[in-house]
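Input: a single structure, listed below in structure tokens.
As written, the chains take the letters A, B, C, D and E, and residue 1 is the first residue of each chain.
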Amino acid sequence: MSRVLLRDVSKVFAGTTAVHPTTLEVPEGHFLTLLGPSGCVKTTTLRMIAGFVEPTAGKILIDDEDVTGMPPQKRRIGMVFQDYALFPHLTIAENIGFGLRERRQPKAASRARVAELLDLIRLPDIADRFPSQVSGGQAQRVALARAIAFPPRVLLMDEPLGALDLKLRETMQFELRRIQRELGITTVFVTHDQTEAMNLSDTIAVMGGGRVLQTGTPQQIYDQPRSRFVADFIGQINFLDGNMNGSMRLQTDSASFRVPHGDATTGKATLAIRPQHVILQNGTVLPDEYDRLEGTVISQVFNGNLTHLRVDLGTTHWTVESRPGTNSVQPGQRVTIGWHPSDATVLTQ
Amino acid sequence: MSRVLLRDVSKVFAGTTAVHPTTLEVPEGHFLTLLGPSGCVKTTTLRMIAGFVEPTAGKILIDDEDVTGMPPQKRRIGMVFQDYALFPHLTIAENIGFGLRERRQPKAASRARVAELLDLIRLPDIADRFPSQVSGGQAQRVALARAIAFPPRVLLMDEPLGALDLKLRETMQFELRRIQRELGITTVFVTHDQTEAMNLSDTIAVMGGGRVLQTGTPQQIYDQPRSRFVADFIGQINFLDGNMNGSMRLQTDSASFRVPHGDATTGKATLAIRPQHVILQNGTVLPDEYDRLEGTVISQVFNGNLTHLRVDLGTTHWTVESRPGTNSVQPGQRVTIGWHPSDATVLTQ
Amino acid sequence: AAAQKKFDNVTVTIGIIGGPWIDRVNAELKDEMAAAGITMKFVGGTAQDFLAKLIAAHGQKFDIDVVEIDDTSYADFRRGNFLAKLNLADIPNLSDLDHSMYDDYKVAYWASEPGIVYNVDKLKAAGVAPPQHYSDLANPALAGHVMLSDINNYTGYYEILGMAYEHGGSESNPQPGFDLMSHMKLQSFGSSVATEIQLFKTGDVWAAAIPAHIGVRMFDADINVAAVHPVIDGHKGATAHGYLGITQNRDNQAAAEFFINAIIAPHLQERLYTEAATIPINNSSMAKVVNQVRVDASGTPFLQLKPEVVAQTWVPDFSKVDKRNWVRQWQRAVAAQPQ
Amino acid sequence: MRRWRALPGYAWVGFVVAFIYAPILVVIGASVDPGYRISTRSYLVFPPTGFSLRWYASIPSSFWQSLWFSLELAAIVAAAALLIGLPAAFGLVRGRFPGRFAVDALFRAPLQIPVIVTGVAFLQSFYFIASLGGPALQGSLAGLFLGHLFLATPYTIGSIAASLQRFNPRLEEAALTLGASRLRVMWRVTLPMVMPGIYGGLLYAFLVSFTEVTISVFLAGTSTKPFPVMIFESVTSDMEPSVPALSTIVFLGSMLLIYAMQRLVGMEALLRSGGNST
Amino acid sequence: MTARWGLFLLPPLALTLLMLGFTQFIFLKSSVFADLGLGETGTAFTLENYIEAVTDPLYLNGMKLTLELAIGVVALTLVMTYPVAYVLTRMPARTASLLLAAIVCSSFVSVAIKILGMVIIFAGDGLVSRFFRWLGVIETSMQLLGTMTGVVFGYLHLAIGFMVMMLFSVLQTIPVKLEEAAQIHGASRLRVFWRVIIPLSLPGVLNAALIQFNLLMGAFVTATILGGGKVLTFPVLIQRTLVMFNDYGLASALSAVLLVIVLIINIAATAAVTRRRVAA
């Protein structure tokens, strides 16, 4: 249970900067997720914390101890790899006990600890099997048990659930969170799945283009994205491009729209609003304080509990969410949509 | 554009029945998805249509022609494999043109067709690259182009999007659907991702334990699941076990609940209701016609545009969905939840 | 207590023709040598092989004490100064040998009679009369079923020189022999007793230029063969010898000479005659084995054993043979053969 | 699936295996032929005219010695080839330095020199060393060992390199995060994982040494004569009649060896690393 | 960290270089001096050995014969073993490993004795001839000793076992998926072979084929026994030059010529395939 700090860390691979100077703090016991699209150096960042990649500049501190040049085996970290990296020639129990043996724990104590961990991951019966004889979900839990057997100062996980199918992934998210909470281990988690990040994290660091773009709680990231990239990456969102001219209004070619709180900036800006905050005027009457736009329905996709409408607004397409049954529209139909200005956000980046 | 029919098809592997006798029809031009958890023989079924696995019994017909014993290369089928299976030694253009050359199409016509397909998949510039030089999403589209180059009677796809990241997967779903619609190819698609199945399919065949459990439109499957397995696999759902005693009520240990339309059966039954149909009595007043239950909030997970509450009802846990902000509860709090009986379903399997 | 041993555990390494020949020699002499304090070690090979090894050693210490020598290679052994001068007085059994059988550097220990061996049944079936001359082997009716001895084998010289003489050549002019060979369609060249017998047995070879004593062994293997001793240069039949010599700078030369003496002892020479059908080289043994001559199916002896006949057999004058050129001529003749 | 479609393939496999085994069956058959006269011992009799194990009883001690010598030689060669091949394979697969391809080519070079050239070259070099007052390598175990090692090492390197290339480096990283030092990682993770390649390399090296004739013919000495040379000389001079019996014993022995290896690693895993790293 | 792995190469590299460089140097040295007979060489530099080696039709024909033989046998071996290795990779693992084990075991038996076994099988009165005669197909016997056919058969026995093992390790890296992809898009089994399996295995196959080729270019045992003194391949000529001529200068020159030709073929073949791959 320790605090991790990356201070101005950067990494240059063969002349090109992969990781731009980054500062990131993971408070003690926190669950921090690095979230971002493929290639945004999530893995590289994690591997720098683990010690497999040496930063070109900057420092990495664990509990105020500078570990920047320290070899991985001395850092006392636990790591769960995407493909689990279980040792195929060792049994499950031997896999879990690997770190204990390497740290010269007494045999009896190790045995007890392995049994305890098998209980923790709710797989007491597979101790003597080999990794090839367990399912993906089981392997995932074994990898976790192995990583925390000798209590690590930090637990690192690189897309540990990526290979599981949807239902199993959801179950494992619960499990992961339960175990992390129970033990209170400082955790850095990597994923490109925003739902997963939302479900699991205390803090999310959204990454893109080799840097951390925004850090915050899931709710903060969702409600107050600071850039178009973040807004778009976290959930669905609709954009409307225009200009701010010092007032609290966004001016487009054809109309102007109110924007919520915040400074009255000038220059290019984008109004962003989530689909669930956009209401379709179809039977219902839009309240007066709503801003509105007209468009044509392009398509309608039924998606379990929701229907997604794509609406062509001329300059852009928006997605509007509606409960099935409440609005019945057909592709091609002209519709009016509206939203409350306080649900919108203005992005200037 | 053809019709595919599996008639009483079954498959026995080394003494154990993998596929139980299955009848399945894919109407001309339809997009049918085989959906189910890992190991439910989705791939095996697809491979029987392709001709890589010979059914132990039953017949496979394409356009009323019995193809059961026909080798794969004679079936005129297109197939997209999970890992794409592009030929690493051939260029993208050669990959796409593979089937044309094997079917002895004139060179010039083939070249034109390849160019046309590269346009269709919106990648006109990568013709001369090799598969190792294209990204995952590009490779996926190339695999699709290859499969449809020589217009197949049926297009088979085995989890073609499984290896892509979330954003890319969503984009590709749109692309897939667009191309399939444009060409009107009869398609059988395999996935274990219910959202994907919902987004793409005309018809979903939910599989489990070696058989097709239910076939229908996405809406039918979602709204009228015929078994607990199907209901649980498609989206989130809450269950309440009890007994039916001929009346239109489900009797549990402590209370009885109304059930919607349908026969008044007897015996063990389960009431099933989607989270979004369950309302939390917190500030709002539940209408009189609602059935209700009391419980304790266990946890609250913010998930982008929704908050999921887990509520302990004593015999079971339910998930209740609510828009953030509308209800503010804390774990540990006692709450009353309610639902309209017509939103519930009774499952007897 | 054992009787006084002549030597104090001396090992003698002997390089002679391999295979059962070594087994035979070893079996016959093991006890006698052990009693004298000598351990024998054997290396298989032809005289040619040992000469090559001695040359390759470039005067380095050589690990074979006693080596096989034949008429064709003797001059080279001497020219390279590879042989030690023998202490003939320490080889008392020489008294039983004709003087032509030994000199200061070599002692004969077996003899054979290069000639022709043919399969009586196969030739009869093919309607071919038994060959009388080497040149008869070129009979087109025998094409593909004739074997000559290979060049790595002393018999290889006899067949070429035989054919050369039959066409006006001689040791100094073997070309007519090579010319004839280059036109023959041969089954193969024989280089080992093992394959020679095998090929007669399987019926692939009907006639071969090989020593007559191998005919005896074939006869024992139930092949109906007969031997022919062609007349060359007025001599009926030919004789070839195998010799032993001792390599230079041995510290166990006395033991080696003791071994040579033992192997030319009459009883041993007679054993080798009965077991391997080689011809003894000492006079008393010859007198004895002449009464045990082996005959073919028609009652004709395989070997010429009467001393007066043996004395008249042909022995080529190898000093007149240009060996280096010989090998080239041979290879060219082989390369020129019809396939 | 549709078994008959695979039939031509299986038939071809059968044909090739039969082709390989036909002469071996003849040799085994001939080994039990009870031929009784000396002359009949110089060739193989097949089909056998009876059944007898007399040739098994009369194998000359020189042949046993040579067989034993060959086994010893092959074992040392295999061990040494491993000692060289292991670091070489690690260096080749994991090293990143200019000229790696040249080094790779150099390690393969012994397989590109005609064996007879190698044999003669080693022979002359040995005499040259001796003429300078160095050790007399010709005819010694050490000399044969060097010649065989030269020929066997490329196979071993190839085999280990192939399995190393398939090795998942995440496993090593996992071990490091679990506190194992680099040495311990090597011992507990890397080596066990490349074991099939190691076994494969050992098998190849052993086989190369145990069946080598061409080099051995030049380098063999009087008391250091490898078994295949013994057989070669026997076949090219006057045949030792128990050679078929001995060959049968070698064949049966190899079956035992392979069975043991199969139990240890599984033939298929072993051949997956196949000495062919390209 | 990666640089350190390179250091592991130094000892094996030094050893290989020493064994390779030293022996070849000593060996090739004698090729540029006149032969004085009985293994003695002159001290004056001369190219006469090389001139003889590359002008004498005997050696030229020998080289031609050897190249034809080696290439022919490698081709034949590939034809025989490639389908075998392929079928093995697609067989149930248990059966495949059993068959592989059988093939490996057969390699332990000396080629020399196997050759005698073959002679019997194919001899005039041998099993195969009798069988064919019984079928009424062939009248004359199939001669192995002293014929090209025999040498080819002997070489095949030398090469097949190793070749199956090597090709197996190459072919099993080709995913079955690719075959299925080709098949479903209209390729027959034969076309799948031609368009997918063969091109993908080409580099590995070439590597294995070159190893066999090199081996055959340097083998004289089989040609000696089965050639019956009639098939004078280059290695047999070298061996005879050494053992019968005792002409070291010429033997070295001949060997050097052989070495150069083999190396050129290796480099050319590898370059040809590598170029294709670089293009790929």
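Miscellaneous remarks
Going forward, a residue touches a chain if its C-beta (ideal position, glycine included) is under 8 Å from a C-beta of that chain, and two chains touch if they have at least 3 such contacts.
Predicted model, so just to flag it, every value in this text is computed and none were measured.
Between chain A and chain D, the least number of touching-chain steps is 1. Listed by label, the chains that touch chain B and also chain D are A, E. Chains joined by the most contact pairs: D-E. Distance between chain centres (mean CA atoms), chain B to chain C: 89 Å.
Mean C-alpha position of chain D lies 16 Å from that of chain E. Remark: chain A and chain E have CA centroids separated by 58 Å (rounded to whole angstrom).
Computed from the mean C-alpha positions, the centre of chain C lies at a distance of 37 Å from the centre of chain D.
Under the contact definition stated at the top, the residues of chain D that touch 2 or more other chains are 5, 43-44, 124, 234-236, 239. Shared interface positions of chain B, i.e. residues touching 2 or more other chains, are given as 52, 71.
Counting partner chains per residue, chain E has residues 116, 120, 224-225, 242 touching two or more of them.
Remark: chain E residues 2-3, 5-9, 11-13, 15-17, 19-20, 22-24, 26-27, 30, 80-81, 83-84, 86-88, 90, 93, 96-118, 120-121, 156-157, 160-161, 164-166, 168-170, 172, 189, 203-204, 207-208, 210-211, 214-215, 217-221, 224-225, 235, 238-239, 242, 248, 251-252, 255, 258-259, 262-263, 266 touch chain D in the complex. For chain D in complex with chain C, the residues that touch the partner chain are 37-44, 60, 62, 123-124, 127, 130-131, 136, 138-139, 221-223, 225, 233-241. Note for the complex: chain E touches chain B at residues 175, 177-178, 180-188, 191, 195-196, 199-200, 280. Interface residues of chain C facing chain E in the complex, by the touch rule stated above, are 48-49, 51-52, 55-56, 58, 76, 79-80, 144, 147, 150-152, 186-191, 194-195, 198-199, 202-204, 324, 327-328, 331-332, 334-335, 337, 339. On the side of chain A, the complex with chain B involves touching residues 37-38, 136, 165-168, 192-195, 198-199, 218-219, 222, 233-235, 274-276, 301-305, 321, 323-324.
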